[in-house]
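The structure under discussion is supplied below as structure tokens; questions concerning it will follow.
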Amino acid sequence: MLLYALRRLIYLIPVAFGVSLLVFALVHLAPGDAISAIVPPDAPQELIDKLKEYYGFDKPLPVQYFRWLGVTLTGDFGTSIGTGRPVADEVGSAFGNTIILAISATFCAFTLAIILGTAAAYAKTRIVDRLVTSIALVGVSVPHFWLAIVLVIIFSVELGMLPPMGLGPENATGWRLDWPHVQHMILPTIALSVIPLGVMTRTVRSTVKEVLSSEFVTALQAKGMRDGAILRHVMKNAAPTCLAVMGLQAGNLIGGSILIETVFSWPGTGFLLNSAIFRRDLPILQGTTLVLAGFFMLLNLTVDVIQTMVDPRIKRG
Amino acid sequence: MAIQSPSIDLGSGVAINAVAATASRGYWQSVRRRLRRDPVTLVCAGILLLIVLGAIFAPFLNLADPYKTSMIRRLYPLGSPNFPLGTDELGRDMFSRLIYGGRLSLFMGVTPVVCALLIGGTLGITAGFLGGWVNMLIMRVMDVFYAFPSVLLAISLSGAMGAGASNTLLALTLVFIPPVCRVSESVTTQVRGFDFVDAAKASGAGSFTIVRVHVLGNVLGPILVYATSLISVAIILAAGLSFLGLGVKPPEPEWGLMLNTLRQAIYVNPVLAALPGVMIFITSIFFNLMSDGLRAAMDVKA
Amino acid sequence: MDALLPHKDRCGPAQPLLLAENLRKYFPVPGGLFGRATRVVRAVDDLSLSVAKGETLGIVGESGCGKSTVARLLIRLLKPDRGHMVLDGDPVDEPHGLTLNQLRRQVQMVFQDSYASLNPRLTIGETLAFSPKAHGLPAAEARERVRDLLSKVGLDPESYYTRYPHELSGGQRQRVNIARALALRPRLVILDEAVSALDKSVEAQVLNMLVDLKTELELTYVFISHDLNVVQYLSDRVLVMYLGKIVEIGAVEAIYGNPQHPYTRALLSARPSMDPRKRTKEAPIQGDPPNPIDPPSGCRFRTRCPFAEDVCARVEPPLADIGTQAVSCHMRVAGSGHSRAATP
């Protein structure tokens, strides 16, 4: 088991190398260079050259890459061209806010998906199954940033029940667990959880249905086991597949939050990324992308290892 | 020991007569027949066709000019005379813009999937059929792209390359190549394991012929079904990029961009502001339903 | 000129049709920290055999003993790690020898799973025409050949040409598979458990057809099966395999009438008997075969052999010719050190 985890970790190294290369390349995909974005068009060539030297843009690409990689590995992501603050600080605080939102949305989506999916798989009548599959279909088809706007229109503009934007009350500095803050989370959480809700409901439904139709369940029923006890067996067998999809969805949810954070002006990584793009603040763009991709990789690794732990059929020694 | 048996196979003789009556059906024929009996899928395909035709033939539908602005008639509500769906923040006809919007929105959603299908499919089938180090190389490169959540990859790429329709297309194609490649690789690996591929190899045919005759016919179905399920994601993602201002530039009518520019109107005319999203939603839900129907029709355990 | 005529005999009847020497195939087992293969499955281990022209060589053994690997090595669907093959005097896959393509013109194979070995998307006619076309036969001639093949295997060309595999019964599909193997007019056909999945009555029909086809088309068979009765019915010579090695090989009468290796005896006595007086009380061999990843030292059968002694663990028994057959057991080698062996 430990060996497997270790092997996966080693396997991650070349992938991580590729990821860093891609993130580095992001800057050089940009039209023009990063300097021209921050200096006035009539800036003297001397100043531009100085800035280029300061940011290291005057060296050949491979040199720039390894310098960047070396510095990044020590946790120094450079300084924001827009604000002049260290990228690590900016991304760090934004990442915390993103995670708070992601956890609450993941929790809502997965709990509801497990309940709905299991109910649909067990449903004796077609109506329940139809209803749940329809919900799932809407979940995977709805543009979540549009849903966010619709939620704002209904609950903030029309009903005036919930705040339309921000992390908390105006003078708030950071996130705290109290009603004024939680209030601000409700709409983004809903908007963010629809896609994973749809995908997971489908997965849970089909997996549970498949387990239910397997012969061992028939054997348990024939043996006279009570339904509750059988459900435990069913869940145990459905868990590995569902877990795998959950991991992927949790990661994609963080990607999806970029749009939602923009709609709700939630000061997370997505909001940061979006504003960095429009300020052409490439170090921030790079740093945010790298942090999110790194997080996604570790998440996948964790899910993979947990999956082998709960699934006795997979022996990866 | 001796095995005695009648020299004529009676069983197959009976079968010959039974089968001669009904014409033999190929795989695609039976898929078509199943599709014809699936009303939900047919209706979805019909509505999609309507949206697509509307988008294609928009210039011939005698619609109001989707670019014509008017400072006087801004944000007319739905049902206004001459403007059945009202007007937008610059006084342009919403109905016309929504129909015209389909052109870019559908194009931006479908094109990346088609490109990814060609590139990712070729890569995946190559990796799956050849196996070994070729597979290793191709799939490891895909793993790098897989290390990014798809939305993040799309936004970072088009964010770095800058706004514009062609950059969005490029970014989305890059986003969809890895999943198509993975699915293609896995079905090809599966098909390659079947004895009929070994039998074809044993017949001395070249790899290219084997792939063309024996592999493609068996993997194309699942890959196509998977690709159609991506269209809905691609449409939402493309609209999302435009919504962020990374896609199509104004004043082009495009559903995501319209949603963005109409956001300021949510306090004035909320229903109007939500309309472009309804179009995205409808298109994506019907693409999903059609893809589900296609999957059901193609899932044959003969 | 039809490029796909049957091959002429080159070296006369004394030259074996196929000679395989020291074939070895080890499959790596992934493991270890870096996913490197640190261990191997010894599927086929230094196995030599020859197939005479016009004979049927039966290969028997428990599942997992490497029978199918041998089949795939002989037709080169798998590349052996070591060893040579000679087809009617021509070395295979060596400089100046036959290419794999030329080998496959003359050696063909019928697979066990009649369904998995037919492409579900192609009609029977398309499947059968595939290999002649791949070898450059024009479409019209290929079509003619397919009709001929179908009637040879007892299927009506008119109604089967355009049908799909799923519309056929197991027996019919296996007939198609046999027809496909014959499409290039090969000299040697390897039948890998070709009738094992069929119902007993259908199996009998297909076996009889195989016998007829062999005479009609002057074929040579390598017939692989776990069914001892079927092998006895069809074979001229029999090869018994255990864990990737030959334990005994000889004429069918000798192997079945006077088996020399304890494993062959155990296999034969494990056959169900129709005679109630011949009921066996104890299982002739206990347990499963050992793991081929780490086969026992010396004689591979010793862990399940009732006569195993020290020498069996120390020394690997050679395949010794004892007249009617060759056997690889210390008990049959004079002076081997086994207490039951004759003293020299």
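For reference, chains read A, B and C in written order, and residue numbers begin at 1 within each chain.
Rule of thumb we're sticking to: contacts are C-beta pairs under 8 Å (C-beta built on N, C-alpha and C of every residue); 3 or more make two chains touch, one makes a residue touch a chain.
What you see is a predicted model; the values in this text were computed from it and never measured.
Kindly work out which chain lies most centrally, taking the average of its C-alpha atoms as its position.
B
Using C-alpha centroids, which chain lies at the maximum separation from chain A?
C
Distance-wise, how many Å sit between the C-alpha centres of chain A and chain C, to the nearest whole number?
From the centre of chain A to the centre of chain C is 55 Å.
Using CA atom averages as chain centres, what separation in Å is found between chain A and chain B?
Here the centre of chain B sits 24 Å away from the centre of chain A.
Where the centres are mean C-alpha positions, what is the separation of chain B from chain C, in Å?
Inter-chain centre distance comes to 48 Å.
Give me the residue numbers in chain A that touch at least two other chains, ranges are fine.
none
Would you pick out the residues of chain C that each touch at least 2 other chains?
none
Going by the touch rule set out above, which residues of chain B reach two or more other chains?
none
Which part of chain A faces chain B closely enough to touch in the complex?
So the residues of chain A in touch with chain B come to 14-16, 18-19, 21-23, 26-27, 29-31, 137-138, 140-147, 149-150, 152-153, 157-158, 251-256, 258-259, 262, 273-274, 276-278, 282, 285, 289, 292-293, 296-297, 300.
Which bits of chain C are touching chain B when the two form their complex?
It comes out as residues 72, 75, 77, 100-101, 104-105, 108-109, 111-113, 116-123, 127, 130-131, 134-135, 154-156, 159-160, 162-169, 171-172, 177, 180, 183-184, 201-205, 207-208, 229, 232-233.
Taking the touch rule as given, give the residues of chain B at its contact with chain A in the complex, in rising order.
Counting only chain B, the residues touching chain A are 140-141, 143-145, 147-153, 155-157, 159-162, 232, 236, 239-240, 243-246, 256, 259, 263, 266-267, 270, 273-274, 276-278, 280-281, 284-285, 287-289, 292.
What part of chain B is in contact with chain C in the complex they form?
Result: residues 1-9, 11-12, 15-16, 19-20, 24-27, 194-196, 198-206, 209, 213-214, 217-218, 302 of chain B touch chain C.
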